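Same chain, two partners: chain A is paired with chain B first, then with chain C.
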Partner chain A sequence: MSNYLVLLVILPLLGAFLMQPLSQLLGSKQAGRKILQNFGRAVIAVTLTITYIVATEGEGVLQLPLSLLMGGFVVPVGINLYLDQFSLLWLVAIQVSLLILWPASRDIRQHLLLLVVAASSMGMALSGDLFNIYVFYELLAVATFGLVAQAPHPAAAVVSFRYLLLSAFGSVLALAGIAIIYSQSGSLNLAHLSAFVVNGETQFPLAAFLLLLVGFGVKAELFGVNGWVPEVYGVVSSRMSALLAGVISKIAVVVIVRIMLLLFPYPEASQALLVLGILGMVGGEWVAWHTAQRGGKLSTTLAYSSIGQLGMIFVAFSFSLTLGLFVGVALALHHLIVKSGLFMLSSAQLNRWQLGLFVLFGLSLIGVPPLPGFWIKLAMLQDLWATGGGLEQLAIALFLLATVVEASYLSKIISTQMVSPQFKSAKLGGNSEERRNLNLAWLYGILLFGAIFFINPLAETLHGIAVQTEDGELLRSVVLENSIDPLAGGEQ
Partner chain B sequence: MLGIILYSGAVALIVIGIAGLVRSTHLFRAVLALVIAESGANLLLMLAGFRLGGAVPIATEGSFPLAMVDPVPQAMVLTAIVIGVGIQALAIALLVRVKQRYGTLERSKVTAAMELELNK
Partner chain C sequence: MSEFLFELNMLDSLLLLSAVTVAIAILCRVEYISGGVVTLLYLAQLVVVGMMISAGGVFSSHLTPQLFGYELGWLLDGLGLYFTLITVGSALLATLYMAGEWGRRYREQGKSFRALQSLLALNVFTMQLLLASSDLLSLFISWELASWAAFALMALSGGKGLKAALHYMIYAFSGAMLVFAVVAWIATTAVTAAYQLDINGAGILQFSSVAELMQQGIFTIPEQLLMLTLLLIGFGIKMGLLPFHLWQAPAYALSIGPAGAFLGAISSRLGLFAIIVVLFKIFGSITDGSILQSSFGFEFASVTPKTLLAWIAVATIIFPTFVAMRQNDARHLLAWHGIGQGGYMLLGLVMMDSLGSAGGLLHVFNHATYQAALFLAVTSVIYRTGTADLNRLGGLVVRMPLSFMTLLIGIIGLAGLPPMNGFVSKWLVYRSLLDQGELLLFVGAVIGTLGTILSVYKLIHNMFLGSLRKEHEEVREVSWSMLTPMLILSALILLTGLFPGIPLQWVAQGLSAVGLPVAEFNLGGVMADGGSLDMVIVSMVLFSGFGVAALIFYFVGGKSKRVNPLDNYAGGHFLYASNRYHYSNNFYAGLMHLIKPWYKNTFQRLERVVVTLLELTAESLSRLYMRPHSNQLALIIVVLLLW
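Coming up: the complex of A and B.
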C-alpha cells in the first residue's frame, strides 16, 4: 500500500499536465467546459481517497507511520516518502481546503496551477529528504507566483515579481543550508541524518538551521522575510488568500518543525525559533492594529494579523516537547479555520448575520471561552509557564499583550462594519462569487462552533499526533528498516 | 588551502548576490543579482561532494577509481540549475509586464506606483 503514496504527488501533476490538451479537446462545448471546471476537484477527490486507503491500508484504522523508498534504492541514495499522523493531518488539510476553496472561475490556468500547488505541497509534507523538500518548495513557489500574477488587479505583476525575488532569496539560503549539511554528513535523508545526530557522530551547525529556517520561512511568513504577505493578500482573491494563509504557510511550518526536531534538537535552535516567533507575533499584531486604526483595507489588516498568528505558532513549536507540538498543531489548525473564514468574509460588505459570524471568529482568535481558541491559548500559557526561563516569561507577557492588541483591532473592524448600510439589512449583498464566499465562511463557522462540543476527543487526537511526531526513534526504525545501517555504514 | 579558496568564493558569490538583491535600484539588476546568488549556492553544493584529485564517478568494467568525486551533489546541482533558470525566465516575463504597465523598471518608481494601486 505504501507504494500508492507516490500517487498523491503524481496524479495532481499529471492532472495539471492534461489540463491544456483537455481544454483544446473539450473547451468548445458546453458539457466539455463543465467537465474541465470540475476536473481539478475530481483529481483532488481521487487523491483524498488514496490518502485514506494508504493511511488505513483499506482496513478503516490508521496504520501509521509508513515509509516508501522509491525504486528500491536504499537510504541515503533514493527518494524517500514518509507518512505519519503529523503529515497525514496536513495532507488532509491541504486536500479538503482545496476542495472547499476551489475557484469557480472558468480560467483553466488557475485550476492547472492549483493542481501543481496540491502536488508540491503534498510532496513537501511527505518528503523524507532535504533535497526533495527543496524541489517541492520551488515547485510550490512557482505555482504561487503564477496564481498571484494572474490575479485581476493592476499591481499583480509587480507584486508577483517582488514575491518571486524574496522567495528566490529564501531558496538560495535553503540551498546553502542543505549544502552545509551534506558536506558534513554525505546524506540528505532526514532519518539517516537524525541517526547521525542521536549517535553523537555529528552536530550540525546552528548556521545551517538558520539558513534553512529563513529559507523555508519565507512561505511560513517568518519575521524578516514576510514582506510579501500584505502585498500578495492585497491583490489575490479571498479564496487564494485563505489558501495561502490557511494551508500553504502551514506546510512550510511543518517542514521547519520536522527539520528542527530531527536535525537540530539543541536549545539554541529552539531559541532562534522562539525569538523570531516573538518578533513576528508582536510586529504582525502591532501593524495589524495600526492598519485597522487608520482605516486600512480589511484584507491588509488580516494579512498582518496572519503574520502575528504565525509568530504565535512558531513560539509554540519552539518548545519541541510533546506539549509544545500539541499546542503548535492546535494553533495551526485553529488559524487555518479562523483565518480562512475571515478572508471569506473580507470579500464583501457584511450584513448583521455575517457580522455575527465575524464576531465568532474574532472571539475565538482572541481566546474567549468556551471557543476553541481559549483552550489552545490556555494550553500555550501553561506550556510557557512550565518551561519557566526568562525568555519564556517575556514571551508570556508579549503573548498576552498581542491578545489585547488583537481584541482592539478586531473590535475596531467590527465597529466600522456596523456603520455600513449593508449592516442594517439582513439581505445578502455582492455578486455571486462574493455570496459563494460568504456561504463558505458559514461552513468554517460551523466547523469552529462544532469543535466546542468535541474539545476532549480533538485534544486526545492532537496529543497522539504530537507524541508520534516527537518520536524520532520511530521514524528512524521505519525508514532505515531494510536499508543501510547508519552506524556500520554498510548494508545490513 | 584550495578548499578554503573555493568555499570562500562560493560564500562570496552568495553575499554579493544578496547585497545586489537588496541594494540594486533597477529591477533587472536585481534578477542578475539573484543569478549570482544562485550560482554561489550551487557552487557550495558542488563543493560538498568535491574530492581533491578525485576521478570522474564512472565505473567501467575492469576499472573502478579509488577516489571519486561524489556524483550526488552534481545531480542535485543540475536540478537546482534547471529550477533556477525557470524562475529567472518567469522573473523576466513578469518584468516585461511591469515595464509595459509602468514604463520603467526603476525600483523606487515601480514601488511607489504599486503602493498607490494597492491602497486604492
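Coming up: the complex of A and C.
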C-alpha cells in the first residue's frame, strides 16, 4: 500500500501536464469547460483518498510512520519518502485547504499552477532527503510566482518580480547550506545524516543551519526575508492569500523544523530560531497595528499579522521538546484555520453575522477563553516558563505585549466595520466570488467553534503527533531498515 | 440526565438560571415581553442567592470539566455570595428600569433592545462564573469572559462610547495578559510540585493548593512578590486603581443609561473581588513585612505591600475625586467618583482588622446602591431633558421631585454623611485607620471625602436647584416603571444606613470566608472597643434635629408662598426667562482658581508616552517592510557574517 505514496506527488503533476492538452480538447464545448473547471479539484480529491488509504493501509487505523524507498534502492543510495503523523497532518491540511480554496476562475493556468503547488508542497512534506526538499521547494516557488503574477492587479508583475528575487536569493542560500552538509558528510538523506549526528561522528556547522533557515524561511515568512508578504497579499486574491499564509508558509516551517530536529539538535540552532521568531512576532504585530491605525488595507494588516503569527510559531518550535512541538503544531493549525477564515472575510464589507464571525476569529487569535486559541497560548506560556531562561522571559513579555497589540488592531478593525453602512443594512455585498468567500468563512468558523468541544481529544492527538515527530530514533529505524549501515556508508 | 438534574444544588441552579436568562434575552424576539420575563428571571436568581445566603456555607457546582489536564471548578462561599447578591440585585433593578417606558423609547429610536438585554444578562452570567471560580484557571477564564462581556456592553452605545470601550479593552486586556502570565507560571511549576506535595495534580490550581505551594516555598519570596505585583496590577486595572484608571470614567459614563448604572455599581468591583482572593486566599502570608524582612535580611523601612497598597488606595481616592469635581457632565462626574470610591474599599480591606475590612467590604454594597440610584436618576433626567450637561440644566426639582429625592439620597450616601449607608462604611474605615495610627492615610481619606461633598453639591445644584430653564418648563417626572427601581434603591440606601446590621451579616460571611477577622455587630451598627456605632441612635438625633427645624420653619416663621419657577425677581426687578439666573457655569470658580495648577494631566501624559513609544517602534519597524528588499538582504548577510 505504501507504494501509492508516490502518487500523491505524481498525480497532481500529471494532472498539471494534462491540463493544457485537455483544454485544447475540451475547451470549445460547454460541458468540456465544466469538466476542466473541476478537473483539478477531482485530482486533489483522488490524492486525498490515496492519502487515507496509504496512512491506514485501508484498515481505518493509522499505520505510521512508514517509509517508501524509491525504485527499491536502499538509503542512502536511493531516495525515500517518509510519512509520519506530522507529515500526514500537513498533507491533509494542504489537500483540504486546496479543495476548499480552489478558485472559481475559468483561467486554466491558475488551476494548473495550483496542481503544481499541490504536488510540490506534498513533496516537501514527504521528502526524506535534503535534495528532494530543495527541488520541490524550487518547484513550489515557481508555481507561486506564476500565481502571484496572474493576479488581476496592476502591481502584480512588479510584486511577483520582487518576490522572485527574494525567493531566488533564499534558494541560493538554502543550496549553499545543503552544499556544506554534503561536503561534510557525503550524504543528503535526513535519516542517514541524523545517524551521523547521533553517533557523534559529525556536527554540522551552525552556518549550514542558518543558511537553510533563511533560505526556506522566505516562504515561511521568517523575519528578515518576509518583505514580500505584505506586497504579495495586497495583490493576490483572498483565496490565494489564505492559501499562501495558511498552508504554504506552514510547509516551509515543517521542513525547517524537521531539519532542525534531525540535523541540528543543539541549543544555538534553537536560539537562532527563537531570536528570529521573536523579531518576526514583534515586527509583524507592531506593523499590523501601525497599518490598522493608519487605516490601511485589511489584507495588508492581515499579512503583517500573519508574519507575527509565524513568528510565534517559530518561537514555539524553538523548544524542540515535545511540548514545544505540540504548541508549534497547534499554533500552526490554529493559524491556518483562523487566518484562512479572516482572509475570506477580508474582501468585502461585512454584515452583522459575518462581523460576528470575524469577531470569533479575532477572539481566538488573541486567545480569549474558551476558544482554542486560548489553550494554545496557555500551553505556549507554560512552554516558555518551563524553559525559563532570560531570553524566554523576554519572549513571554513580548508575546503578551504582541497579543495586546493584536487585540488592539483587531478591535479597531471590527469597530470600523461596525460603523459602516452595510453593517446596518445587513445586506450581502460584493460580487459572486466575494459572496462565496464569505460563505467559506463559515466553514472555517464552524471548524474553529467545533474545536472548543474537542479540546481534550485534540490536545491528545496533537501530543501524539509531537511525540512521534520528536522521536528521531523511530525515523531512523523506519527509514534505514534494510539499508546499508549508515556508519559504514559514511565517508565515501 | 434526570439523575443529574435531580442532583442540581443551589449553585448549579443559579448558574443554570443565569444561562437561561441569557438564552431568553437572546432568543425572545418580542421585546416588550422579554423585558418583563428577564426581570422575573433576575428576581428568581435573587431568590436563589437569598436562599444560599440564609443557608450559609459553601456551595460547589457539579460543573467540573477536566481541560488540558486541569480540573476547573466553581464554588460559591460567603465572599462570592456577597458580590453575587450585589450583581444580581443591580441587574434586576437596571432591567426593571428599562423594562417599561425607557425600553419602549429605546426601541422606537431604532436601537436593539434585545442586544442590550442579552449583553447585560451575559455580563451577569459571566460575573457569576467569576465570583464562583475556585481555581486560578477558572478565575482567569471567567475573568476574560466577564471583561469581554463588559466591553461588548460598553461598545453597544456606539460613537464616543465605542471609543471609550476600546480604550477600556486595551487596559483590561493588558491586565488580563499579566494575570495570564502568572497563571501559566504557577501552572508550569505547580504540575511538578504537585508530586512532591502529594496534591492531586488535576486540582493543583485551586486557590487552597496554590496557597499551599506558596507557603511551602516552591516559589521564592521575590518570585512571589513579582507574582503578587503582576496580579495586583492586572486586577487593579479593572478596579481603576491609580495609575491605571483612565479608561474607567468615560467607559461607564458613556454606556447606555441603565447599563451604565449596572456597570458603575458592580463591574469594576470584580477587580476588588479578585484582589481579595489573591491577597487573602493565595498570598496571605507575604503581605506583612515580617516575612519580607526575614527573606531579604534587611528592614524595609516600613514599606510593606500593605502600606504600599494603602497609599495607592488613598491616591485612588483623592485624584479621581478631584477630577470628578471638574466634570461638566453628570455621568462623567459620577463615574469618576466611582473610581475614587473603589479606593475606600481597598483601603479598608488592606487594613486587615475587623473594622477596616468590614468597612471596605460593606462599602461595595453601599456604593452599588447609591451609584445605581444616582446613575438611574441622571438617566431619568437625560430621558426627559436629553442632556446630562451640568451647564444646561437647573431647577428640575419642581418638575421631577422624586428623581430629585433619589439623587439627594444618593449623594448623601456618596458623600458619606449620616444617616445614609455610605456613612457607616466610611466610618468603619476611618475608625480602623485611627485605631492603627495611620493618621496620614486618614487625612488623605478625609480630603477625598471633602472633594466628594463639594462635587456632589455641584451635581445636585446644577441639575435640580436654581432656576428652571425655559425649555424645561414642560418636563414631567418619569414614569413609575423607571421610578420604582430608583425608589427601591433610595429605600435601600436609607434602610441599610439605619440598620447596617443587615448588610453587615453578609459582609461577615464574606470576611470569614477569606479568614479575615469579623467585628461584632448588631442591627444598628458595630460594637468596638473605644466607641461603637449605632446608626439608630445617630439617625434619631439627626431626625429630631430636622424635626425641630421643621417645627420652627412651619409654625414659627412659616411665611412661604408657592410661585411658578419661572416667576423670578432679583433686587426688585422681574427676571425674564431668557435671563439665566442660575449659577452653574464655572462652578467653584474660586476654588478652581486655587487648585487649578495641581491638575497636570500627568496620567494622560504617561499614557500618551507609552502609546507614542509603541508608535515609534512600529514606525521604524514598518520601514523595514516599506523599503525595497535590498535592505533586508543586507541585513541577512550582516547577521550571517556576525554569527
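What to note about this one:
Throughout what follows, the second predicted complex is superposed on the first by the 489 of 492 C-alpha atoms of A that agree within 3 Å, B and C clash if a C-alpha of one lies under 4 Å from a C-alpha of the other, contacts with A are read in each partner's own complex, and residues count from 1 in each chain.
Throughout what follows, a contact is a pair of C-beta atoms (placed from the backbone, for glycine too) under 8 Å apart; a residue touches a chain by one contact, two chains touch by 3 or more.
Please read these numbers as outputs of a predicted model, since none were measured by experiment.
Contacts of A:Tyr266 after superposition on the shared chain: neither chain B nor chain C is touched.
Set side by side, chain B and chain C differ in how many residues of chain A they touch, and the one touching more is C.
With both structures placed on the common chain, the touch criterion links A:Ser411 to chain C but leaves chain B unconnected. Looking at the shared chain after the overlay, A:Phe169 reaches both chain B and chain C. Looking at the shared chain after the overlay, A:Ser160 reaches chain B, while chain C stays out of its contact range.
With both structures placed on the common chain, the touch criterion links A:Gly186 to chain B but leaves chain C unconnected. On chain A, the surface touched by chain B in one complex and the surface touched by chain C in the other have residues 162, 165, 169, 173 in common.
Put simply, chain C touches chain A in their complex at residues 66-68, 140-141, 144-145, 148, 155, 158, 162, 166, 169-170, 173-174, 177-178, 180-181, 183-185, 187-189, 614-615, 617-619, 621-622, 624-625, 628-629, 632-633, 635-636, 639-640, 643. Taken in their complex, chain B has these residues touching chain A: 14, 17-18, 21, 27, 30-31, 34, 37-38, 40-42, 44-45, 47-49, 70, 72-73, 76, 79-80, 83, 86-87, 90-91, 94-95, 97-98, 101-102, 110, 113-114, 117-119. By the touch criterion stated above, chain A contacts chain B in their complex at residues 77, 131, 134-135, 138, 141-142, 145-146, 149, 153-155, 157-162, 164-165, 168-169, 171-173, 175-176, 178-180, 182-183, 186, 231, 234-235, 296-297. Those residues of chain A whose C-beta lies close enough to touch chain C in the complex are 162, 165-166, 169, 173, 206-207, 210-211, 214, 224-230, 272, 282-283, 286-287, 289-291, 293, 304, 363, 366, 368-370, 374-375, 377-379, 381-382, 385-386, 396, 400-401, 403-405, 407-408, 411-412, 415, 418-419, 455-456, 459.
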